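Every chain is named by a letter (A, B and C) in the order it is written, and numbering of its residues begins at 1.
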Amino acid sequence: MQLRWSRVAPQLALAPAVAVTMVAFIGAIGWTVWLSFTRSRRMPEYEIDWTDWTRQYARLFNDGGWAISLQNLIILGLGSALAIVFGFVLAAMIDREWRGESFFRTVFLYPLAVSLIVTGAAWRWIFNPQLGLENFLHGLGFTSVSFNWLASPDTAMYAIILASIWQSSGFYMALMLAGLKSINTEIWSAARLDGVSFWRLYIEIIIPMMKFTFITCAILLSLGVIKAYDVVVAMTNGGPGNSTWVPAYFTINALSAKSNIGYASAAAITMLVITALIFLPLVLITAWQQRRANGGGA
Amino acid sequence: MTMITQAATLEDAANALPTQRGPFFPRKKKRIAGRSIAILVFLTICALFFCVPLYVVVVTSFKTMDQIREGAIFSLPHVWTLEAWDHAWNKACSGINCNGLKVGFWNSVLILFPSLILSIALSIVTGYALALWNVRWANAFLFLLFICAFVPFQVIMYPLIRITASIGIYGTLWGIAAVHAVLAMPVLTLIFRNYYKDIPQEIIRAAIIDSGSFWRIFIEIILPMSGNILIVVLILQITSIWNDYLIGVTFGGLGTQPMTVILANLITVSTGVVAYNDNMAAALLTAIPPLVIYFLVGKFFVQGITAGAIKG
Amino acid sequence: MPRVSFEHIVKSFGSLTILNDLNLAVDDGDFLVLLGPSGCGKTTLLNLLAGLLEVSDGRIMIGERDVTDLDPKDRGLAMVFQSYALYPTKTVYGNLKFGLAASRLDRQEVEQRIATAAKLLQIEPLLNRKPGQLSGGQRQRVAIGRALVKQADVILFDEPLSNLDAKLRTEMRLEIKKLHDTLKPTIVYVTHDQIEAMTMATRIAVMDGGVIQQFGTPD
């Protein structure tokens, strides 16, 4: 009696989660894939014209706005990667110098508590040409300095990158600190006795030992970059023109502003493919690294 | 075993005598190493970088528009006024409604409770079942959840809109709450599952022998042990829901938009005179609740964020 | 003249004093074992000698040099750690070489030292492997090898055998003793195991509560 009940009960308990997964995730993905092959515009159509079933994707790849979105995705990714470097540097310093550790960690992490809309609002204000930082610098005498990044299509993305770095460096710092603390203290002692220079120690020993942490950060960063939407809305709303469009923004724009369901679906599925292409190899590397690390020594 | 005989030398005899207190060799006053100072200076400069935006927002929110028009963004207010705060809270305009941020505040609060209950209830039971009970397809399901955690929202956005519309909750607070719960389920389930996986097998076996039932074990044994992880998950979810914009703007109707959406509408207005002090006050109002949580229970906060990250 | 001497060593951590006016001399070529239970201060004393901790008062001499204020790397010591502290991302060869990074020896000298140590410890076939691919006993030897290539006058051991099983421990005890007989370095060795002390040491200092209770030869 007991055995039978204990077979059924967990499966029953899992049923809601399974249902949600099947409907809201798997089913929804399938739905969107289907739609991406149709001609749906404001209203969904479920008939696929098999003579031209990739028309949405063809249109997508010829769309200048999409090309800009992809470009910005890469720019945002590379720029935001600085947050990982910055986070590592902060973590390394805090790890070395125990004084004030708790104070600095609190300061570096608080941006995570705040919405990206708030972050965008704050930085948008700072970038205000007449009344913001640029004006301040001019007032100090640096009249040739231009900090009006949001106004020009060439530099608007950099402003967004700066805001992203501000928001996320603390997070990577926290991950790096955890990674640093997992390094056996005797390694530090051995290095002191070996007389290894500061740089060599970090570059040849510590950073290689933290490969797993770095890759984890890279995965999280890429996922964050693909999802980037809020900060773009708050800082530029895609502008000037469409110079700060990113794939997430493009997709939502296609759905809400252009009311083109089929097109938006194609963009969304492409986003999914991009996510899979980034996510799969990185996760494989991580699993491989972890297996090696577990086989490794102290 | 053989005893160690004492081969006492005069020196060793001296060891046995009570010693006078130091200092025997006057030591140089310990200097704080140059490197330490350099590190602390660098860290302080970085801390400034992180604090400056907050400072600017705070300071601007207490100024009058006249002073803001003078353009000195870093200066303290000549006169500290709550004018902007009052305006933002009560009269700020989001689209055609000018009822202020307070509408959004209460919406955000009302979204929070059902969403928390739904998402945590669903995930904790699922995580418990997957971690501690033998279900043949558990690993496959786990892997599926792992994948789902990475799916971008845009991919399931339209179907979710249609589903919520057909149930009749689209545009309502319950709709927003439900979507949050659905989206959080994969990550939270993985977090709970990993936490419960660490419970020693003996406790589970003893519990099965004692009472055997799935639900009794959960309620009487597992749940009481979950205090720590529950706090961490709560903080993670509260922050995530409060700060969300995308779900709020997609599933929120005219009277049900959360605070972040109203804030975004406020600051992206490009026509007319921009009231920067209102905007900054609005930003602060939106940021204060999670910041308060952060400063009060920061340690759990960090755990939550990193737990949400390392779910693999 | 003693090879190593501790004079009036005082070590406190805040208000807790671990060592109070401790004096000890180690002769050249001695195999000194610091024996005692956990918390008796023996590892603290070893770390003070290594320079990993700073004394609160007192003086440490190595030979005729006052090393009390010197960095670990300037004291001319080598150390074998309890968990070996091998650099996991480097090969055995890389680990042995890294220890000589600070010394300005030419490549030939470096390679020769590594070859000698590898031969002595029978780890030649392992040179291209990484620590993760070695057994506990093999890692032990590499850790000792890393100390040997420095050709230091004083070698410190921090409970190096505690992570090995009983059989390996017996083997390694003999090996370390043999090394000492062959190369004759001055060794300061920390352990809580009486048998190790008795079989390897030329002199034993029994410590408890931060004080040397007994000091003498194994018989």
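In this section, a residue touches a chain if its C-beta (ideal position, glycine included) is under 8 Å from a C-beta of that chain, and two chains touch if they have at least 3 such contacts.
As the structure is a computational prediction, the values presented were derived from the model and not from experiment.
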- Query: By mean C-alpha coordinates, which chain is most distant from chain A?
  - Reply: C
- Task: Sort out for me whether A-B or A-C is joined by the greater number of C-beta contact pairs.
- Result: A-B
- Between chain A and chain C, centroid-to-centroid distance (C-alpha), Å: 48
- Between chain A and chain B, the Cα-mean centres are separated in Å by 17
- Item | chain A residues within the chain B interface of the complex | 2, 5-6, 9-11, 13-14, 16-18, 20-21, 23-29, 31-32, 35, 44, 90, 93-94, 96-97, 99-100, 104-126, 128, 130-133, 135-136, 139, 166, 170-171, 174-175, 178, 216, 220, 223, 226-227, 229-230, 233-234, 237, 248, 251-252, 255, 261, 264-265, 267-269, 271-272, 275, 279, 283, 286
- Note on the structure: Within the complex, chain A is touched by chain B residues 36, 39-40, 42-43, 46-47, 49-51, 53-54, 56-57, 60, 68-69, 71-74, 122-123, 125-126, 128-130, 133-135, 141, 144-145, 148, 150-160, 162-163, 182, 185-186, 189, 208, 212-215, 239, 242-246, 250, 260, 263-264, 267-268, 276, 279-280, 282-283, 286-287, 290-291, 293-295, 298, 301-302, 305-306, 309-310, 312
- Item | chain C-facing residues of chain A, complex | 184, 186-187, 189-190, 192-197, 200, 204-205, 208-209, 292-293, 295-298
- Note on the structure: Counting only contacts in the complex, chain C reaches chain A at residues 50-52, 71-74, 77-79, 81-90, 98-99, 101-103, 130-134, 139, 146
